[in-house]
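Listed after this line are the structures, all set down as structure tokens.
Note that chain A is present in both complexes that follow, paired respectively with chain B and with chain C.
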Partner chain A sequence: MDILFSSIIAGLLFGMVLALVSLGLTIIFGVMDIVNFAHGEFLMIGMYTGLLTSQVTGMDPLLGLPVAAAIGFGLGVLCYYGFIRYLLRGPMLAQLLGTFGLMLFLRNSALLVFGSEDRVVHHGVLVGKSFDLGMGVIIPATKLAAAGLSVAAFLATWLLMNRSRIGKALTATSLDAQGARYMGIPTEKMNALAWGVGGGTVTIAGAVLVNFWPVNPFVGLLFTMIAFTIVALGGFGSVPGAFFAGLVVGLITEIPGFWDFFTYTFDADWMLNVPMTSFKYMMVYVTYFVIMVIRPRGLFGWKH
Partner chain B sequence: MKSMIRINVIFLCLLMLAGLFGPTSAVAADKVIKIGVIYPLTGGAAAAGRELRAGAELAAEIANGVFADLPMSMAKNEGVKSLGGARIELIFKDHEGNPTLGADLAKKLILDDKVDGILGSYHSSVTKTVSAVAEQYGVPMINGSSTSPALTKRGLKWFWRTTPHDRWFTKDLFELLVGLTEGKVQGVKAISKEEIMNLASACEKTEWGSHVSGLIDALAKEYGFKLKKSLLYAAKSTDLSSEVRSLKAAKPDVMLFASYASDAILMVKTLQAQKSQAKIIWGQDAGFEKPEFRDTLGDAIEGILTRTVFLPKVVEIKKLAGQVNAMYKAKTGNDLGGASARAFTGLQTWVHVLEEAGSTKPADIQKAANSIKISGDELVVPWSGIQFSTSGEEIGQNVLGSGLIGQYQKQADGTMGLEIVYPFDVSSADMIFPLAGF
Partner chain C sequence: MEALKHAIDFSDFPRVDLFVAGSVALFLVLFPFFPHSSFAMATMIQFLMFSLYGMGWNTIGGYGGQVDLGKAQYVGIGAFTTAVMLIRWDIPFWISMPIGMLLAVTWSFIIGYPLFRLTGHYFAIATIATSLILKDLFEVWEFVGAARGLEILPFKYQSPDFLRLIFKEDVYYYYILLGFFFIGLLYVNWFRKSRLGFYLRSIKDNEDVARSLGINVHWAKIKTYAIATAFVSLVGSFHACYIKNIEPEDTMSLDLSILIALMAMLGGAGSLWGPIIGAGILLPLKSYLKEWFGAKAGLVGIDLIIYALIIMLISAFEPRGIWGIIEKIRQRRRR
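Showing the complex of A and B:
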């Protein structure tokens, strides 16, 4: 039974971080109908920011969050004004290839600066510490903190989007950009804001993730793929959908744990030798495929 | 006048004699034997690559110079004596842990650099492709540190391996477990087999890791232990938490791993975070023996076992190992480890083979390698010697090698160091059993 509870809790905690990872992707798509292939590279920059902040200042990596958020926001706005707004004038294909090019540029720039080797946070207030909840359920402190901070950042973004004037202007832009312009909303600034918030949230996710996940210039790919699955499942453009889908995908990555639970519950020897841990991410991609076939709109999607 | 002519004739004769013999000796002294050395000098195993390189370089230095204090034959004269004092020149190439790149580099070494032989390549997967190229071109290759048993089961004619392989090492572990039940382990009273009956293993999904996983499965059956969980994980993993939860769910007494450095560190960190309660944790060398493993994890690794072929404690048993270790430490600042000691031994074997062959013709080298016998007294590693099998199931495997099992224990100066716990007759400390738990 302990493996069942452990897996559910681990899946939910990881899912909360994944939800924050995919939030930026869904905001940018919601506001501008652009799919940002460089999303994972923003995450990678957030991870390096968290790591370097702690290495340079000697502070705990979690304290690098504001720095990561500021860099992510700035980078998002910079990308929009320096690059994306020109792409918007071109066809859809140019936008796709443009963000793909941005991905390659950021990844190879990181390769040039940091090299290809994995870098890991080995020291920090929470690194190596765990909470024992009893019944064999143990939660690593870094993951608990990452999940808590992710939920806080997610809530803050949701409040910004739904309870503030600027958030309403952003929503108006995403619903009908032309109408919003007629109402006097500076849609150009709203687009830049969407990129800023998108960049800021994913770099925060990177800074919490680096506490328990090694970073290298290629780390973004895995998370871009997972973020696409989450956004597809939650619905392109839906913020609550991203949160719910993040939790579901987090649980999907724990299917090997559920498999073990059934193996030991039913004492099935044949199940013991199935290498489920090898397939944990494959199941995420299968989910993506199934959603695309059955419900391309996603569970909470309102964009067509 | 006549005497002047006589003196001039004698002088001319001397000049001619000098012309005849002088240049010949100069050519011999200048002659070099090129050995292509293919190691992972960058990438995930770069730290091991640096050790390997330093080990091979030290052996070449000793072979090319005279070190009267060292009781090894290659230190007695400059270069290879039977080849007129020809010097050993090492040409290093970096395979980055990539088998395809390794094969390309082997081709370049053979075709462009015209090497006389190859040494390498650490990762079994790379050694496999490099040795296939060497076989294709008929160039001799000596391997000092790849431990996949399959490498010497391919019937290659141009491939010899000095290190014992994983079957030896894995068998050593089961002998240690049996020793625990029989009270043979220093500092531990005999325990019942039930206490250590349940095993679980996690090995990386590579040529080497998959073989180790298979060996653990086979040997567990042979020795009457229950392998409750056996899983393979993607090498260079970024997250091993679901793997560790799966291992823990099997409630094993003994956990066995085959991982390179970054995975070994991540695995132990995850075990620590998940508060693993295994009584024994054993690593199949590689990552578990690297300095970065010890430096990164600190006190958390106390009690963890790793198989190896060389430990600083060997220095206390073998005088020669101590002397070479001192030279290595002066050169690199570190003690000899499993990787560097075996790279040293690999190149030393090359020197002996060349000495025996007295030629750089591949056929002569092949004949010499197949008949060579190097005494254990010549080696820094604690083996009986080096002699390659030439018939049977394994071809080109050194049959005189042996392994060690070390356990991380706190040393007098507060640092973590490896103590020998197996073979029992050379134990350097009491074994910590069971593990304190994280």
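Showing the complex of A and C:
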């Protein structure tokens, strides 16, 4: 039972972090129909920002959050005005490959600057601390903080999208860009804002993720793929969808834990021989594929 | 016979194109007789491999307009079939290659059927997902060497081994691949004029109209996907014999899938020459950038930065590729 509980809780917590990672992607996709391959690289930049602010200034990595958000916002807006604006005129294939080029560029720039070795945060208020809930459930403080931040960010984004003028303008842009332009909405600025918010949320996610995940220039790809899965699962452009899909994917990554639970419960020897940990991320892709085929717009999708 | 006539009929291209294509073909045939470094030879072989990948991708991605970013899984199927058969049962390349192709095509039908119910971004990401699923499976499958991969030991065989395709000199590989290259080119030339080719172009222009004209859109896409797969799997089998050391990480990675689509797009997707032009420019660029900058201390990654900037520039300012630029110039001159 202990394994079951701790797996569920670990899965939910990690799922919230993953949801935060994919929030930016779903905003960007919702507003302008472009899939951003460089998303994981934004995350990597956020992770390095969190790491470096703590190493250079000696402060806690959590204080890197506003810095990371500012850098992510700036980078997103810069990418939009400098590059994505031109990409949007081309066909879908060119957009995909263009953002792939951006990803290669960011990844290798990081490689050039930081080198390829793994880096870890060693000090900090939260690092290494944990809460024991009894029943064998131990929650690392870093993960709890990350999950709390994720919930806060989702609430803020939901309020922004549904309760403010800017959010309504963003939604209008995503529903019908030309119509929105006729209504006097500066769609160009809205697109840039979407990229800024998208970049900002993902770098925040990076800055909290670095507390419990080692960072290197190649860390982005795994998270890009997971974020794609979450966004597609929740439905491209749906903010609540991304949150629930994140929880689902988080639970799926904990499948090895559930597998252990059943192995011990049924005392089944053959189950020991299945290398479940290696199938962890494969399960995510399988789920994506199956759900897409059954429900091609995702769980909460309204665009196609 | 009719098909063969169509395959060797290039008469719908302007004479300049045919002249350029002919001289390039002549250069390719004569290349080993020019003085060249072994690095140049390796680059040429890579170029031929990637043009074949690109030609295969071009059938579904270029003519059909379906953004397929999961071709690497079929490279893996082809490569691992050949390697496993050669190492375990000593089955020569010319038998294992068609078997690998058959396996890859079967797999492509199995996943193609659900896959083509999706469109747009959903389809593109689903192709990536299928490719990664297969890669993860191969990485734990002991029979194919798991994550370590397989290694064909060349000293076990007598060097010019035309059955198993084990050679010491790259020239043999070059000519065999060049043969495949010309056959592939003729096939695509036939394909674009075949009924399926016309179906696909109408699907690319407007899927609903194509369906209303009585085209079975779903089935046409699946069939073309299988054709593209056959190309890619063939080169995968060749890759196993040529590189001799294959791992899931480099034969089935996302980077390879995207590189295949990238080269076809940069050359000009949906045209006969596009993938060849794309591979001919991008591949030497990549290899030589790596050769010049890759080894310099303190500059790790600078070659890929330059490469990425070129990709970004082309996809932002000329999304129809180099062939698109040529066609634009021609249209302007015609006016």
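Points worth noting:
The criterion applied here is as follows: the second predicted complex is superposed on the first by the 304 of 304 C-alpha atoms of A that agree within 3 Å, B and C clash if a C-alpha of one lies under 4 Å from a C-alpha of the other, contacts with A are read in each partner's own complex, and residues count from 1 in each chain.
We take it that contacts are C-beta pairs under 8 Å (C-beta built on N, C-alpha and C of every residue); 3 or more make two chains touch, one makes a residue touch a chain.
Everything quoted here is computed from the prediction, not taken from an experiment.
When the two structures are aligned on the shared chain, A:E117 is found in touch with chain B, with no touch to chain C. Among chain B and chain C, the chain that touches a larger number of residues in chain A is C.
After overlaying the two complexes on the shared chain, residue contacts for A:A10 are found with chain B alone; chain C is out of touch.
In the superposition on chain A, contact of A:F279 is made with chain C only, not with chain B. Once the two complexes are laid over each other on the shared chain, residue contacts for A:D60 go to neither chain B nor chain C. Touch criterion not met for A:E41: it reaches neither chain B nor chain C. Once both structures are placed on chain A, chain A residues 116, 275, 278 are touched by chain B and, in the other complex, by chain C. By the touch criterion given at the top, residues 2-3, 6-7, 10, 116-118, 120, 122, 128-130, 132, 136, 138, 140, 142, 212-214, 219, 222, 253-254, 256-257, 260-261, 264, 272-273, 275-278, 280 of chain A touch chain B in their complex.
Partner chain C is touched in their complex by these residues of chain A: 29, 33, 35, 83, 86-87, 89-98, 100-105, 107-109, 111-112, 115-116, 217, 221, 225, 228-229, 232, 236, 275, 278-279, 281-282, 285-286, 288-289, 292-293, 296, 304. Remark: chain C residues 61, 67, 69, 114-115, 117-122, 124-126, 128-130, 132-133, 136-137, 139-140, 254, 258, 261-262, 265, 269, 299-302, 304-305, 307-312, 315-317, 319 touch chain A in the complex. Residue ranges of chain B in contact with chain A, taken from their complex: 42-44, 46, 205, 228-234, 236, 238-239, 241-243, 245-246, 248-249, 262, 265-266, 269, 272-275, 296, 300.
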